[in-house]
Amino acid sequence: MSLMYSNEQKELIALVKEMAENEIKPFVQECDEKGECPRELFKPAFDMGLHMLEIPAEYGGTGLSYETTAMIFEELAKVDAGYAITLVTTFVALRNVILSGTPEQGKYFADVIGKGNFAGFALTEPNAGSDPAAMRGTAVKDGDDYIINASKTFITNGAIASLFVVFAKTKPEAGAKGISAFIVDADAPGIIVGNHENKMGLRLSNTTDLTLENVRVPASSMVGPEGSGFKLALNALNLSRAFVATLAVGIMQRALDEAVKYAKERKQFGEPLIKFQMVQQMLADMAIKTEASRVLVNNTMRLMDNGSLVRKEGSITKAFVSDCAQEVTSNAVQIFGGYGYSKEYPVEKLMRDCKVFQIFEGANQIQRMTIAGVLEKEYK
Amino acid sequence: MNIVVCVKQVPDTTEIKIDPVKNTLIREGVPSIVNPFDKNAIEQALQLKELYGGTVTAISMGPNQAKSSLRIALSMGADKAYLVTDRAFGGSDTYATSYILSKVIEKLGPFDVILGGIQAIDGDTGQTCTSIAEHMGVNRLSYVLDMKMDGDKVVVRRMVEEGVEIVESKLPILVTLTKVSNKPRYATIRGKIDSLKAEIEEIHLTDLPDMDTTKIGLKGSPTRVKATFTPKRQACGEIIELINPKDTAKALVGKLLEAKIL
Amino acid sequence: MNLEQYKDVWVFIECFQGQPKDVGLELLGQGRKLADSLEQKLCAVVIGKDVDTAIKAANDFGADKVYVVQGEEYKDYTSEAYGHAFLKLIHKYRPNTLLIGATIKGRELGSEIAVSLRTGLTADCTALSIEEETGNVVWERPAFGGNLYAQILCSETRPQMGTCRPGVFKKQEKNEKNQAEIIRENIRVDAAYIITKVVDFIKSSDVSGIKLEEAEYIVSGGRGMKNPENFEMLKELADVLGGAVGCSRAVVDAGWMPQTMQVGQTGKTVSPKVYIACGISGAVQHVAGMSSSDTIIAINKDATAPIFEVADYCIVGDLFQVLPELIKEIRLAKNM
């Protein structure tokens, strides 16, 4: 593979690979069928510290670079992207509280997650997907508290998180600038977790609606100044966008691995499939897209490690990589032929898993609008 | 409680193939791994440390590349690691190897518990650790499933062919662990990173001044290898392959009855 | 050390709860061959509290002499007591060769004696012979998981020692007419010297019916069985044959069957009359544990599986189709 891995990175990837293949992989098919992942399956990940990889040491994390963290998550995604995204969502939420909140808030959040718990990000609403500024959730000041009323939807880790970062309007009339962010405990009275979404893919990832009915939170739980919620959300998306791209690379690599192995074994017309030029072309294009995606993700991570906000690069990465993944996984199924369509073989799941990468974290159409907007500003 | 674990780096013998033409072992491309049973020993050491405090020291006798196995012990949670290496140690059989290791353990000690795996998957003798116990004059129990302290007594459950024995003894003690004893933990990311940077001290013959050099190396080994060979392959026996399973089964039983095997 | 002063082949008759274990009796057979080659005597060593059954067995399986050390302190095996007694015997009688069964305790005892005497010990021997010119025993044993065999010599010291796996050698014919010389040695060990106490013993619960090591017919399953439930089929076949069920390491690793059922280099060594390997690829580690079976039958759908290199009867096919038929046919043949 095309990156220049340091020795440390190689060792960490090998460690995660060993754990994931032995402890998680054997259960993936069953969990995918059931659409749920038992909590115990996350124990090896928590024990290894995979939920706090790039969290700074003073908050109990390992303090790895974004670059190395992304490599580890790519490896995890090869086994199951839904499992990986459960951890990504958790540490992204924590990271953003540390970045935008007070040290006390960061410590509080980190202590909970550090013990082996999940976090969620409650931004999206039924009427506010691509357009989060249109959200209707409110947070009304009441003495030293705020009372939050909101209906959130498609919340990753909705049923399993111990903490949420909830976005609601403290000033409904102010549009985007009226949104504020709050840390909310999952067991706060008034939180109603809806049913688990029966999804096409990423079925090991828990996704639910989340309703907040008169949920009372202290004013000290507001993250950042009042009205800074939208900015916080965008910063969070910058980070998570790059990380979902690394998960998509993991899915693609898995698809490529399975497809090449199959093409070498399966014989038709007296020859293994890999001897046929059209199959070769498909495999080559899959490899091209996977490698290019990996390098793009890696570069974006390095920019982030260097302090860059990656507004354009993150969008480019996410849009490009998720579009590639669609094609790569679809061709993997194609190469497997009829067997590829069967759940007995691993590739149809990869195709199902990667579709959502074109949708969430900002649909690819929105990504292109963002890129175009930045381009417009770049040229005088 | 101070614990020392004996670790060996071995080729992954499940991956070794035999060259069908030369009848020799093909070792290239065979990965070097921590002897699997030694990982069970490291895990036991870490569990004892979690219960009773103290330190876990890993030692390995081998060439420089054995340091990577010691790093794995560190990444799992061992506190210190030492590589025992010297040309003078080369060619040692189990008597000599166990003598050398016993001198190292004496030097680094005193230790309450000495742990190892039941056997190394290359030599397969299962003798080295129990021999260390005899050199040191400490008690030994092999095939231990678990161990704990009860006052000043150590209580172990250990396998025997007929079942499981519960045995009491006193410290210091040498214990060997097997695959079913425990599930060795994975390193943490932090542990792995730190282990890659760790200094692994080397112990040479000159660091062991009271070593009796007549007991080490080829000359100090009471056994020596006369010859080695790969297991003989024979031509395939009788193939029974008929169209349907019923006929196949019938044919097989027929032949077994004929040969008076049934 | 004057090697000439060391005479006779000794075999340790390990006992459990007063009963001699088969391995010591198997080794008497091998010991006889070595003793005859050396033109020396075959002696059994019995240590324990209740020793009569063992003494008789040692006699019946061919010992010329039986050294006996008896006492309450030898009721359970402890390395302190047994090591002490053995070393005293060796110092007094100077045996040439010592064979010990490679059981868990036997291997501990072997190391203890060999290191104490600074003599050579070879582990897990599968074949023994004598070097004509020197009188050295050639100890042949597997290494590298069974991929390599080595011949070892202990040429400068005595006794030359080896442990041998249970089930590798066969017991000779019983001869109750034999009249071994019984030599009782009064070697006692002070209770204070023994710091190891066996406080409890839990019999293996999954050893039901016939023990794997003693079974004449073994039906063994590997990964090809696909899941633990399918082992019921193997149990049925074993029952029809009057035998036991074994398995490969892969099956134990997958958690389907307990380790006590494992046949192989790190499991049990067996030499039944018939060994039927179902869905077992035949890795050397497994073969090392069953290659001395009288007849090996292998059923595997992969024609290139290495098990077919050791099998006497090779069935390339789907075991899920062949086995039910095989069970039917054998029932028929036995009029069951």
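Some notes on this structure:
When the chains are written out, they are named A, B and C in that same order, and each has its own residue count from 1.
Heads up, the rule we're going with is that a residue touches a chain if its C-beta (ideal position, glycine included) is under 8 Å from a C-beta of that chain, and two chains touch if they have at least 3 such contacts.
Predicted model, so just to flag it, every value in this text is computed and none were measured.
Within the contact network of the assembly, the step distance from chain A to chain C comes to 2. Centroid distances from chain C, each centroid being the mean of CA atoms, peak for A. Across A-B and B-C, it is B-C that has more C-beta pairs touching. Centrality by C-alpha centroid: the chain sitting nearest the overall protein C-alpha mean is B.
Each chain gets a centre from the mean of its Cα atoms; for chain A and chain C, those two points are 57 Å apart. One finds 42 Å separating the Cα centroids of chain A and chain B. Between the CA-based centres of chain B and chain C the separation comes to 21 Å, rounded to the whole angstrom.
Shown for chain B are the residues in touch with two or more other chains, of which there are none.
Across the complex, chain C is touched by residues 11, 13-14, 16-18, 25, 93-95, 98, 119, 121-127, 130-131, 133-135, 139-143, 155, 158-170, 179-180, 215, 221-231, 233-234, 236-241, 245-246, 248-250, 252-253, 255-257, 259, 261-262 of chain B. Of all residues in chain A, those touching chain B in their complex are 7-8, 11-12, 15, 18-19, 44, 47-50, 53, 62, 64, 72.
Touching chain A in their complex are the following residues of chain B: 75, 185-190, 192-193, 196. Contact residues on chain C toward chain B in their complex (touch as defined above): 16, 21, 79-80, 103-105, 107-108, 110-112, 114-116, 118-124, 138-139, 141-157, 166, 195-204, 207, 259, 265-266, 273-274, 283-285, 287-288, 291, 294-297, 308-318, 321-322, 324-326, 328-330, 332-334.
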